[in-house]
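What follows is a pair of complexes built around subunit A, which joins subunit B in one and subunit C in the other.
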Partner chain A sequence: MDDYAVGVLTNIGLFGFLAISAYLLLLAGEMSFGQQAFFGVGAYSGGMLTAMGGWPLPLAVVAAMLLGALAALMVALPTLRLRGLYFAMATLAAAEMARIGFELLHWQVELEGEQTGPDGTQGFRGIRWVLENGIEPGAYLAIIWLVLAMVVGVVIALERTRLGATLRGVGEDPELAAALGVDVTRFKLGVAAAAGALAALGGVLYAHHNTYVEPRNFDIMLGVHSLAYALIGGLGTVFGPLLGVLVDIGLLEGSRVFQGYRMIVFGGLVALLLVFRPRGLLDERTVIWLRRRLSSLTPWR
Partner chain B sequence: MVKAALVVTHALALALLVPGPALAQRALAELACTPTKTDFIYDCVIHLTRGGQALTGARITVGADMPSMPMAHNVRPVEATPGKIPGEYQAMLDLEMPGEWAVKLRLAGPVRDQLILLYDFDDKGAHPVTRSGRPHRK
Partner chain C sequence: MLADLVQNTLDGLAAGSAYALLAVGFTLIFGVLRRVNLCYGPAIMLGCYAATFVHLSFGAGLLVLALVCVLASVLAGGYVERLCFAPHRKGSGIAAMVASFALWMQLEEVAILALPKHLYPFPALYDGKPIDLAGFTIRVEALVMLGAASVVCAALWWVLYRTRFGIAARAVIDSPLAAELSGISVPRVSMGVFALASAIGGLAGFLVSASFEQVTPMLGMWSTFKGLLAMMLGGLGSLPGAVAGALVLGLVEAHSQWFLGPQLRDLLAFLMLFMLLAIGPRWMTTR
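Now for the complex of A and B:
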């Protein structure tokens, strides 16, 4: 596999974490424009732990996920009382506060004669754990996809349980779910924390792939993309947001022939897609139809 | 199947938990780019040094990403070729738009590292990005 293919597949995998993070919140009936903040929390905290603290990456991943979950809880606690557009605006404001926080973060230590650590708008470079451990880009790609496959597996397993049914119930009709005895606020806080941890997982893997992060990496553009993936791909299954990432990056890469007009063409194609498939490519109806088709093709089931 | 997956996961975690060797003295790079006749394609010269000396014999793969749109641009990485003087390497960068790019130099050979250079690309060439009144360090 050449460097270009490895790069594209790595980016698809990394975006996958953010897309699934946004998908979980959408299932719970909340539209967040702020998942990039937790991606940033993961990137910065994971990078600081390995580059400055000398932690091994797996431990840094766990710590970054916990911090991502904690940060998401801190945002969700005061904002979950809001609904719809107001919640979306509050999450965007929180994400911008986090980005500005990264701009104000100056904490460097001298390692091997080099200043290492976050340096405000100058960014944070030297996150070299993957390089220093001889992990080649192809091997790191395999690690990213293995972790993503594990996440997808966990989400699929959860969706088949009572918890998954409750999640969709809370998202579709929170009043009915509450009448059935579900503590909706507590449930949504749990979902927000899980989504934050997942975004942080993507962030820590991104920082170690790139070796450099800066506050501008985590601005609104990343949040819009993550939400768009879930909406384009559809909310019928966890494969929806992943399909959204594939369609987005596939359209972007496929429209290279348009050169400078590529982003305009890409935007038009996304708009057309949403006109004809307003609930995404893999919406609930399509997923049910696909499941019926699959079970009719396998009569022994 | 589940047992095999657990074994693979444990092996992967153990392999990742072992700290690796620290890198030797860091390499530094500077970039000088001139626009070509084709839009967004730049002819770039990279000056690579280590410990104040020109670094020769390095294999450099040059890629780029936009900090404001991370992962959204998949610029095809190119191999830099050695230039006329020691420590000089040349590469043609095919970017998609003007603006600020994080040029990624992946080094192999005498030194293994990844350097990130922040440059602003326009119709005159590439200029180091300045923030807070000082140029971005290499």
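Now for the complex of A and C:
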């Protein structure tokens, strides 16, 4: 595989985490414009732990995910009582505050004669744990996709349990779910924390892929893209958001055919697609139909 | 100190009147559609790019440019309405919002392809010196902006409260179902209100471009953000509220920019919105 293909595939994997994070909240009936903030929290905290603190990456990943969940809880606690658009705007405001926070963050230490650490709008250079430990881009790609596969596996397993049914129930009709004995607010807090941790996981891996992050990476564009990924791909299955990422980064950015016109094609396609499939390509109905087809094709079941 | 406060207040009111035009347009669209049009700003930006294009090609004067700006914004707005909002009238708000974001990306790229430099000069609204009044500088552009905002608000009031179209529009805003049952064509009224809002936005875009004497692709995001912020601060869905929210936003920004710098200015604006939503009065967040 050439470097370009590895780069594109790595990006698909990395933004896949963010798209799944937006997807989980959409299932719970909440539209967040702020998941990019937790992606940023993961990138900055993970990068600081490995580059400045000398932590190994796996430990930094765990810490970054905890921080991402914590940050998501801090945003969700005062805002979850809000409905629809108000929640979207509150998460947008929180995420922009986080981005400006990264711009104001100046904390550098001297390591081996070099200043390392976040330097405001100049960004944060030298997140080199992956390079220094001799992990090739191809191997790092494999690690990212392995982690993503684990996440997808966990989400699929959870969606088959009572928890998954509750998640969709809370999203479809919170009053009904509450009447059935679900503590809707607490449940949504849990979903928000999980989505925050997931975004942070993507962020820390992203920072170690790029070795450099800056506040601008985590602006509103990233957040709306992740929402769009989940919605284009479809809300019927966890493969939906991944399909959304694949369509945007894989098909359009990766193919270079539409160079210069990528956004004109993508924008028009998405708007048209949503006219005919307002819940995405792999919406609930399609997923159920596919499942039936698949199970009729497997005679041993 | 006192002089700074007065000067900042004047500057804030001028910025606030530009925000007011944007917020009023946003509120009109939200009122009839109950949807947020993320592509509102980018449509305005495209209008300003069309005007810049006309200016560069034919050297047209300000009045023509204003007309081009408004017309092109209305056309771009109509395109957005047809593709993002008309098909989702009864369906999902999220789909409409994401579709409008997709068109935002599209319009931005159209503008960049048509005029690829990052920044284009726009003819100045006023060439002369600012007015000096008792030691305070008052930019003539600011006065024009304030005047335009007042005239637009008054005209809008007249349209909404003194014409048949206005009665129909208010009926739709109040309850689309009741309006439909009483024989009002909701899609047509929505389309009309959308065009009206886009025209107001186009005018705002023209005034902003001409007083900053430049256009960049960032104008789209800027207009959407400022309009949305002002509308939310004003309590969403109320026109006087939107104007009040816009003026508050302008004043807070002008003062905090002076005393705290541009980064903390933006932080403060978002903090204000967040606090208002998180711990503000309940009636503001249940419309």
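Here are some notes:
Definition applied: the second predicted complex is superposed on the first by the 292 of 301 C-alpha atoms of A that agree within 3 Å, B and C clash if a C-alpha of one lies under 4 Å from a C-alpha of the other, contacts with A are read in each partner's own complex, and residues count from 1 in each chain.
Definition applied: contacts are C-beta pairs under 8 Å (C-beta built on N, C-alpha and C of every residue); 3 or more make two chains touch, one makes a residue touch a chain.
These figures come from a predicted structure and were not determined experimentally.
Using the contact criterion defined above for the overlaid structures, shared-chain residue A:Ile100 touches subunit C, although it does not reach subunit B.
In the superposed model, A:Arg125 lies in contact with subunit B only, and not with subunit C. In the superposition on chain A, contact is made by A:Gly134 with subunit B only, not with subunit C. When the two complexes are overlaid on their common chain A, residue A:Ile264 makes contact with subunit C while staying clear of subunit B.
By the document's definition of touching, neither partner reaches A:Phe239: not subunit B, not subunit C.
Residues common to the contacts of subunit A with subunit B and with subunit C across the two structures: 260, 262-263. Across the interface of their complex, subunit A is touched by residues 8-9, 12-13, 16-23, 25-26, 39-40, 61, 63, 65, 67-72, 74, 76-77, 96-97, 102, 104, 106, 112-114, 116, 118, 131-132, 136-137 of subunit B.
Subunit A contributes residues 26, 31, 78-79, 82-86, 88-90, 93-94, 96-97, 100-101, 103-104, 220, 224, 227-228, 231-232, 260-264, 266-272, 274-275, 278-279 to its touches with subunit C in the complex. Residues 36, 38, 83-84, 87-88, 91-110, 113, 221, 228, 232, 236, 263-264, 266-267, 270-271, 273-274, 277-279, 285-286 of subunit C touch subunit A in their complex. Those residues of subunit A that touch subunit B in the shared complex are 3-4, 7-8, 11, 14-15, 54, 56-59, 112-114, 120-123, 125, 128, 131-134, 137, 143, 146, 150, 206, 210-212, 214, 216-217, 219, 221-222, 225, 249, 252-253, 259-260, 262-263.
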